[in-house]
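Next come two complexes, and both contain subunit A; in the first it sits with subunit B, in the second with subunit C.
After this line comes the complex of A and B, so read on.
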């Protein structure tokens, strides 16, 4: 059970004068339980690629299998697929529509045919997962909530469908630092504790560096790099040529490395880097 | 879903008609629309065909795009032609079956009505095919200026029109996005009965409405924070000027429609002399 793309290509406005190659023979395997970030410039094909995973864009050429469902086939069981792959768009709070939070969260499960008795439980659980108190918010109008709360409700609406793969398109855009932290923590919990595969599109390299275990760099519809964060951002030069920013922690680690520090262990979060520095000092002190 | 819908029907190219002043185009269009009702004979429809061919050539819009505008009136066209054929009972009886009968006058009037409707729409569509919505708005504002004297808020009306136009593409995009998002949540817009389908649009319409209000408020704030006030005398970035093309087109149209109206007014004296002109 995994996502397998083989030579996946997509052209917008095929045949017209202004056709645009959005994806160019993308081949990639994403295993269950991975946390993958997709980065790249606007127009690099990130969004086109992730929309393929949910059959919002149908396969034009190449192959794509998601958890055993062949998306290049003529008929795809969309209900099943959309239950498997949850998609959280940019600014998901703009999709809220129902009278109450409860109804809005129940929209997805209802559509994919979850039995009524189960829906109530799922809604409760999903709201808990995103850190909202069911009793407090369930009967409120979603439009009464704050921006961050709205986004969490929207996320709950996707989680209630019990997806095995969660695709997030810039989940933290436009949130305050606290809201960002909360969303990322939630995504991490979902990935680590619930074993959900996470595919996150993001422009924030710091956030990508600290959270993702694997990064795909897209440029002009092609995968340029497919590496773990530390190895990717060790290529400072190449990253800057792609007009991507190097995360602060990676810059720090790169400088340390230039000064002779061995950086083999995982140095992604400030805590990890600090610990490495302290260990290095202790070692040197010990040597003397 | 909505990605392929282009707003309006402007056909971008460079031509005689594209470079004309939008105000002149609107006025000549009105002349065309009114004038066509003074045509009563096949002979004059023949002249009009020549004029229309010249107009289309001057616009460099492919005939296919012009004919596309006829799709909207297809039903009306069919209905009027059928009604005219079967309900007109003057002239010679040509064919009869059960309660249906066809007379020669019925055929003629049906054919004339068909020509009138088709030419009406084809001529009128040339205006929107060769003028951008923005230019149209400016032209309408300019033409309505005299109404300011009787305190009609012309500038504000034009502003409303151009704001509406400028919001259409972003609303289209927004709609597209919302549809995708709700589809990702398993929403289905293509199956089920009428009521079920209508209900399926609620999850699209409400977010769309909410975001329209949000956009409107943002725009209003942005405008008032820059002290925008309607009634101040404003200059425009693109000044409309009357050029030689406008003069030529106006002359041609005046001569043609002058001729048509003269023929119409003098039908009493002229029709015995040149009966073919009045057939």
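After this line comes the complex of A and C, so read on.
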């Protein structure tokens, strides 16, 4: 089971004066359990692509299969699909609407026909997953919570659907560093421990660098690069030509590489990079 | 240096109702004493809910300290005095977080003209002010456009132009970069620094520590109180405080500090990752 796109294209306002090619023959395979980031400029097609994944946008041309469901087919089992592909939009807290946190989180599973008794369990578990205490928050209004908490409740609402794939559009936008850290830790846990496939759209290259295992760079509706973070950001010039930023740790590591110094370990966080430099020093001292 | 704004032991309390409907008070800002020098660039940092925005609203009289809870003086004028309010608001301009919530007109130049129109400025001068303000934020060519079609960074620059048209002496940016992409953020920051160079006092409220690097003074807030104040480097040296209040050092500074702690002879305040890389290469190759 995985996501398979073949020559997926999409045109907005087809045939009209403002016709715009949003996706141009995108072909990509995303396996179960991957953590993929999608980056690119505003208007590069990121959102159009991810909206295809749970059929918010229907396939115009090309092929798309998600967990074995053919999305180019005339009839798609939307209930099943949307249960499997959870979509967390930008600023998801704006979409909270129910009187209580419990009702809000229960809304999704209720709509896909999950039995009542099971819903209660799912709500409890989902709130626990996002690090919130059921007893404390279940009967509160979602609007009494802080920004970071609201966002986690919104995420719990998606998790309660038991998705196999989680699509997140800028999940940390507008949060403070602590809030960002909490959300990213949560997403990483869902990916590593629960095996959920994560597809994250982000503008923050530092964040993408530290979290995703694979990055798709979109430009003008096409996939320009499809690489692991360290390999992608080793291409400094190409990245800058795409008007994207090179993450700070990648800038540092690239300088070292230019001087012929390579480390074999992962060099994503300041901590890892510092450790690697210390090891390089020890090695050099050992060589002498 | 002359102080343009001074807060003397200021507190501000919000009314909070608990589940039983009982009224309690929550301190948004507690015993804050702070002087903002004319022409300075002050960064105010802290996590969400730490009181930054409450403090910002106290600076131009959107909030007034409760009776007996301190005083805010703007150019020596007490914000608590009704007859000063007009002058205070003219002196301290403000731009908020959400670019979409601050547009009042359907044409850019009309939006920028909204402030001076309300002040009863003569038509001819309004036109001059609008042109000049849009020029300062690099958006003059968009004067006849509709704001809805602009990017977030462009909208925020329009909002800044709207504040500038009132000809304030202080510009308060209350998380005005939080909802922008990296490019929009850069645009807004560049404008803020340019205005500061031309003499404007700037108060930048943010939780991106990368944005405070070029500030004169950084003020760190937590639970409504000021917990640290100093130059960016003095604050970065205090990594414990930064960590405790839920912020994080810029990644490059963190790396420099870590390498320095490991005995590498590098500037532990280095903010340029490439420069730091070069230095480390030199040091490693010397061995």
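One rule holds for everything that comes next: the second predicted complex is superposed on the first by the 285 of 288 C-alpha atoms of A that agree within 3 Å, B and C clash if a C-alpha of one lies under 4 Å from a C-alpha of the other, contacts with A are read in each partner's own complex, and residues count from 1 in each chain.
As a convention for this text, contacts are C-beta pairs under 8 Å (C-beta built on N, C-alpha and C of every residue); 3 or more make two chains touch, one makes a residue touch a chain.
Since we're looking at a predicted model, the values are computed, not measured.
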Partner chain in contact with A:135 - subunit B first, subunit C second, else both or neither: neither
First (subunit B), second (subunit C), both or neither touched by A:111: first
Touching partner for A:148 - first (subunit B), second (subunit C), both, neither: second
Partner with the higher number of touched subunit A residues, subunit C or subunit B: C
Touched partner set for A:51, first subunit B, second subunit C, both or neither: first
First (subunit B), second (subunit C), both or neither touched by A:161: first
Which of subunit B and subunit C A:97 touches, first, second, both or neither: first
Which of subunit B and subunit C A:274 touches, first, second, both or neither: second
Subunit C-contacting residues of subunit A that also contact subunit B: none
Subunit B-touching residues of subunit A, taken from the complex the two chains share: 51, 54, 56, 78-79, 82-83, 86-87, 89, 92, 94-98, 107-108, 110-112, 143, 157-158, 161
For the subunit B and subunit A complex, residues of the former touching the latter: 177-178, 180-188, 202-207, 210-211
Subunit A residues within the subunit C interface of the complex: 42, 146-148, 173-179, 181, 203-206, 243, 245, 247-249, 251-256, 259, 261, 269-271, 273-274, 277-278, 280-281, 284-285, 288
Subunit C residues touching subunit A - in the complex, by the definition given at the top: 47-49, 97, 151, 178-179, 181-183, 207, 209, 246-248, 250-252, 254-255, 258-259, 262, 264, 273-274, 276-278, 280-281, 284-285, 287
